[in-house]
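Look at the two complexes coming up: chain A is in both, with chain B in one and chain C in the other.
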Partner chain A sequence: MADTVRDPPPDGTDFHELEDGEELFPEPAAAPEESQPASLPAEDISTNSNGPKQDLLFDDDPEDLFAEATEEVSLDSPERDVLLSDGPSPAITPITPPTSVITPRIGHAHDDMFTHSSFDEIEEEEGGDSFDIHISVSDPEKVGDGMNAYMAYKVSTKTSMLLFKQKDFSVKRRFSDFLGLHSKLASKYLHVGYIVPPAPEKSIVGMTKVKVGKEDQSSNEFVEKRRSALERYLMRTVKHPILLKDPDVLQFLESSELPRAVSTQALSSAGLLRMVNKAADAVNKMTIKMNESDAWFEEKQQHFENLDVQLRKLHASVESLVCHRKELSVNTAQFAKSAAMLGNSEDHTALSRALSQLAEVEEKIDQLHQDQANGDFYLFSELLGDYVRLLTAVKGVFEHRMKTWQKWQDSQMLLQKKREAEAKLQFTNKPDKLQQAKDEIKEEIEELEGKVQQGERDFEQISKTIRKEVSRFEKERVRDFKMIIVKYLESLVLTQQQLIKYWEAFLPEAKAIS
Partner chain B sequence: MTKEEFTKMKQELEAEYLAIFKKTVAMHEVFLCRVAAHPVLRKDLNFHVFLEYNQDLSVRGKNKKEKLEDFFKNVVKSADGVLVAGVKDVDDFFEHEKTFLLEYHNRVKDASAKSDRMIRSHKNAADDINRIASSLYTLGTQDSTDLCKFFLKVSELFEKTRKIEARVAADEDLKLADLLKYYLRESQAAKDLLYRRSRALVDYENANKALDKARAKNRDVLQAETSQQLCCHKFEKISESAKQELIDFKTRRVAAFRKNLVELAELELKHAKGNLQLLQSCLGVLKGNT
Partner chain C sequence: MMEEVKEVTSALSVHGHNIKITDVVKDGDVLTFVIVSQKLSGTGEYHVDRTWDDFEWLQQHLFSQEDVPGIQGVIFPPLPAKANGNTSAKVIKQLGVLGLGEWQPYVKALETFLQLVATHKILNKNKAVEVFLTSSDAPGRQKVKKNIFNRLSQAVEEMRKEGHKDVDEFFQTERDHNLVLTGCTKTAAEKFLDMVLTEQKIAVACGHFSAALHLCVEPGEDPDKKAFSRLCVQISEVFNSMKKNMTSVAENNVNTLGLGLDQESRYQEAEKEMLFRRTCKLVELENATRNAEKAKPVKKEAMEELKTATKTEFQEICRVAKQEIKQFQGVRVKMLQQALVQWCERQLLTAKESADQFNQHLQAFREMTQ
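Right after this comes the complex of A and B.
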């Protein structure tokens, strides 16, 4: 598949990611390679050139246990998958200022890219671009039988961006595919400071009901809830300019067959690994005490903590509102039936008719309440839930920064110790072992110096990335909330207008009772 | 609690108290008007004293003994009612009324219960909106971005709409639920009236049977005759007044339903329009800002 070529070249620090995906595809033989910058290698990047680098990186990053996890997935097609889910290699990319911007303008001078050194400028350029991609998740279909059944969703993408091969295409995906995508993105980007949107949560109860095959109201609602959550998840992921270009994301959206993400199953070994990791992280969080030299980070962390608390509270209130409105709708329906019966037994004809009218009005109102409750839920409550989960991702990113700092400090301390050991060696009286030991220590010190430098660079990089991400996140947040709240208020307006209509229709009937 | 929370709570309590007060007052008014409109009851001395005496009426509540007596009377009455209900009535009007009232009473009971539940859910939803409004307010004060003004405006809006929603629930309660509750009790009273009449009928028939037996035995004829006369008289009187009462009941019921349903619809309209206006003006401000 053409997807193999999407991998950015491992060599060269001053590269930029693909601007025009099309150009790298092997099929159009007359690919305009001339417009490619020199540092980009030939089209078919073999895995071998990546191989050794990868191993090094795998070893280098002991805490990135996900790396091992993704290898499990790559069993079917080692070539492609190793390339795609190759965890640490994109870590190289953010070291240089992200000059990676999608421009659908073919053949434009790529020199433009070089001059864009600040993220803000790039953002403006993106704004000028039509960020035109729309993803919808629809048509949930039950596939299979019994406990092995699952829901397949159709993921349709409509876009005019040239990053994609077509303008309008769709694929079938199941829930674990989404989780797999998220875990791949998280393993690649979280530890360098990008805020990766969290995927919708697993729900064993919900899925079991669907598997068992009950076609009732609650399982339909569950499927609808999940479908809507998946759609929002994908839209949020592609709104992120870096994540949009990730090969995993592109493969997810485009390719018709996706390797089964086994590692996302709750009871798999990877799942257990995740739980162990979470526990380890929790302990670490408590033990790392960082000297925050940058007040900006402290302030932001505090801000996000407060926001988290408030959003959770608001979310709880909105959920309670949804619940009560649903209750109201049910009770109104019951009352409508009761009023109809009363109208039937009433022997004064005009009053009887008026009572039946009342019953009808109340029935319509109950439907109105039901719709409003759905609006409350899908617009307001789910937005809040999404943001509560997003905030955990944001907090995770801050924690990664702390871990990076810790690593840097650790290697610095180790360097210090080695230097002291070296100094001590100077004063020993064993000349024969001295030279050998001195050489060893020298090597180790050099290595450690390299590590310290790397650690410092990593720390700076992650801090910079986090700043950008946080400002992007805040912009998104403001935009999302404004839009959704306006939509929500509009739905309330509609409800009131309908109410007015119904009662206005009823009033003459009531007056007609003689 | 902060000062603003305190004032808010005070306002809420005041509003609730006012709603309950309105309800009770309305009930009392309906009761007194009923009594005044009744041709016989309006002449009752107790009623006049109640209306005119300008000092404190010392009314003694029922003590334990009286309550117990009431309880036993009820038990006896319901047992008796079952027995008497089986008696078929010659008069079509009363037969029809009996069946009608029975069914009507049950349905009103059901409707009253359901309307109560509906109104309670409505109140719960209004309370939730209140909590949402205060959460949004905190969010708005804490936020440093554009959103803060946004949140504060929306929080204000929700405060106002919540008040309207609470008033809608209270008005529904007043006009609909109370109406149904009242007619629940009225239909029960009508049923009781019919029961008394059936009782009188049974007594009359028993007296007739006793008279026939006495005539056959030729003993205590005069006594039997007088008692039969008495029963007959009682029965006819009660039948007459019952008929009148039941017809009145129907007219009153129709009028009350009409009045309350019209008022209910008008109030719902008023509140919905008010709500709509609030929402639209807020939307206008929010959209204008963004």
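Right after this comes the complex of A and C.
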């Protein structure tokens, strides 16, 4: 049992994977029921409040939710609003019960054998198959014409992990495929406390330029920015031991043909932010004052609030730096031109030569400034942006925990009410109906007792998962930042070394004047 | 009270080439400079306090030497503009690159002015120079009478003369060449200033980032938290080093090539002024010649005399101008060379220091366990 569950129970799209003969569940009896999500009893959907409440979360809402959005989000928000509000609610509405992780709890008695504990086992398994996978996104290629055109990216995976069918393989994917992947992962894992890395931002403006075939520097920059973001997104996703083994992820990386993701409005980080904000509102409206028995959660939540503020400040600071660096590049180029003109006008031969050399040096320095600006951007600015977006996912799981607690409390309250009603029944004076009523209430009470137990278990599980996830997040954070600063310093050292070369070459020219 | 001239051959009792401004004090809007010059006799130094208005007094005296033959052919060492803005932005607008670097380049420019004046064979004979450098009292602050060198007073019609065709190929070439060079140099100096201002902005941005990182430091025993806090502090130090590097690069730029380009630009303008004066005299001469030819017998003699006088003046100007141009070309090339060499040397040094610093940071990060 320990090693059989490798994937969480499927949602509809994974249907065919089941047929590969992978053993998903400890109880063979469970399997057939798993594969027909549609046949899951209605009650199953209601047992997890993510069902109905989820609808609430994804309602189109004219209210401006972008007030707190990240800069990136608000940049695109008007367009995003348009996208998000048309069409049906996003992929998460339970055609495939979103809590597919929880649903296959057929026979509530078996829940502890479940994937929750199995996830724990999966993580312990990590030690066995060492993490060795490298994904690169490359070769952006425009496919099609006009407004139906899109960019196809090559996603190449190199790995020695046994999880994969090959060691070195690649597939072609488009942006909506990435969004589709994220949407599936989010719907499966977010509400049970896993920090699912957010997908890169949509950008109508950027893509339109590409579609109309504008081959200029800004659209090239856009494509490069997106390519880099997609690569980071995938690497971050596969670094997560659970997500790595998800069949959707494997399919995304390996399968040459991927069914077109239709509802990609879901869960870009803007969508996530909306969800979080709405959840927060919904929670407040229900006046949840969660009795936080665990100070750890309170402290962590505060910590992440602070971190969010700090990261946004840092991000703004770096953006300013990138801007000035680009300005310096422009100014340097202009100075180089003016120095060249000066050299040309100069009569004195040696001085003229030196000035022309000066112009060349400045041109080279301009190139260094441009490279440095890219470094500033791709290393720091994007790192900070990624973490700001990642924090929305982190906040999301904390919100989910509160909702889970609420659900548990709700069940408990309902149970209480039913018990009171049962007690009152004793005093009713309609004997013929009494037994029927008694039986009904007994049934309801039994059901509710089950729900309460389940609610408590869910709450404990999500709390446990979050603790682990936060720990993983904090370790990753240190690793990521360290890696970036090392790369950055390497570029800084290289720049100075180049400068030294240029100055050493120029000095004799300057001395040779007169 | 004007001091008596000690020697007959030169009015100046101090060395000209090593005049130094050793200190500058700002009191409200007024900058006071301490000027030190070495006595020719080798027995000591003169220390005097002067403000920009005193410099202007000196310059005006030099301009108004109408009795010195060919004075209009002199390329007058350029005096940098007055600095009286109350914000640094205003000062930069007035002075360009000289408004940066905590008055260091401005002081150097004033020093250069004094050195050029005091070593100028015609100009240093003027008593005003001696008074300026040696008198313990500040020279009189009364406004000197207007003189022909106040461009501002030149009527717009006079500007037409600038393009007047020359009779001498040497001067025509020099005028054409100067026109191009003044334009190019001015542009180069402006672009250089833009570069420096942006470098300063980057330094400031790095400083902000460095400070903002410190806000990410949180207390606590949690090992991951501590690791992240430590990382933030170290990254903060890296950005601090970047700030220092950029500040240094900007300073080097300002104090060497920035100053050099500014100096060159103003000196080219000074040559332009001289060439213009000569051209004006040429026009005057051509008019006088025409008048003399056309003059009715009654006025003829007077016209002829005027023509002769003007011709003499013009020839004197040409003579002096030719000397001045030769001298000027030598001096300006030397100044530019010095600026370029210094610039290169200092930037090279800064690059080496920064490379070391960044390398140290890099090693520290690589060695970080975890």
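Here is the rule we go by: the second predicted complex is superposed on the first by the 362 of 514 C-alpha atoms of A that agree within 3 Å, B and C clash if a C-alpha of one lies under 4 Å from a C-alpha of the other, contacts with A are read in each partner's own complex, and residues count from 1 in each chain.
By definition in this document, contacts are C-beta pairs under 8 Å (C-beta built on N, C-alpha and C of every residue); 3 or more make two chains touch, one makes a residue touch a chain.
No experiment lies behind these values; they were computed from the predicted model shown.
On the shared subunit chain A, the superposed partners chain B and chain C overlap sterically. When the two structures are aligned on the shared chain, A:Ser176 is found in touch with neither chain B nor chain C.
By the touch criterion defined above, A:Gln412 lies against neither chain B nor chain C after alignment on the C-alpha atoms of chain A. Look at A:Ser471: by the touch rule set out above, it reaches chain C but stays clear of chain B. By the touch criterion defined above, A:Ser255 lies against neither chain B nor chain C after alignment on the C-alpha atoms of chain A. Only one of the stretches 8-16, 26-34 or 332-340 belonging to chain C overlaps chain B in the superposed arrangement, and that stretch is 332-340. In the superposition on chain A, the residues of chain A contacting both chain B and chain C are 303, 306-307, 310-311, 313-314, 317-318, 320-321, 324-325, 327-328, 331-332, 334-335, 338-339, 341-342, 345-348, 351, 354, 358, 474, 477-478, 481-482, 485-486, 489-490, 492-493, 496-497, 499-500, 503-504, 506-507, 510-511, 513-514. Those residues of chain A lying in contact with chain C across their complex are 303, 306-307, 310-311, 313-314, 317-318, 320-321, 324-325, 327-328, 331-332, 334-335, 337-339, 341-342, 345-348, 351, 354, 358, 471, 474-475, 477-478, 481-482, 485-486, 488-490, 492-493, 496-497, 499-500, 503-504, 506-507, 510-511, 513-514.
Chain A makes touch with chain B in their complex at residues 303, 306-307, 310-311, 313-314, 317-318, 320-321, 324-325, 327-328, 331-332, 334-335, 338-339, 341-342, 345-348, 350-351, 354-355, 358, 474, 477-478, 481-482, 485-486, 489-490, 492-493, 496-497, 499-500, 503-504, 506-507, 510-511, 513-514. Chain C contributes residues 177, 180-181, 184-185, 187-188, 190-192, 194-195, 198-199, 201-202, 205-206, 208-209, 212-213, 215-216, 218, 222, 224-225, 227-228, 231-232, 234-235, 238, 242, 245, 329, 333-334, 336-337, 340-341, 343-345, 347-348, 351-352, 354-355, 358-359, 361-362, 365-366, 368, 370 to its touches with chain A in the complex.
Across the complex, chain A is touched by residues 100, 103-104, 107-108, 110-111, 114-115, 117-118, 120-122, 124-125, 128-129, 131-132, 135-136, 138-139, 142-147, 150, 154, 157, 161, 250, 253-254, 257-258, 261-262, 264-266, 268-269, 272-273, 275-276, 279-280, 282-283, 286-287, 290 of chain B.
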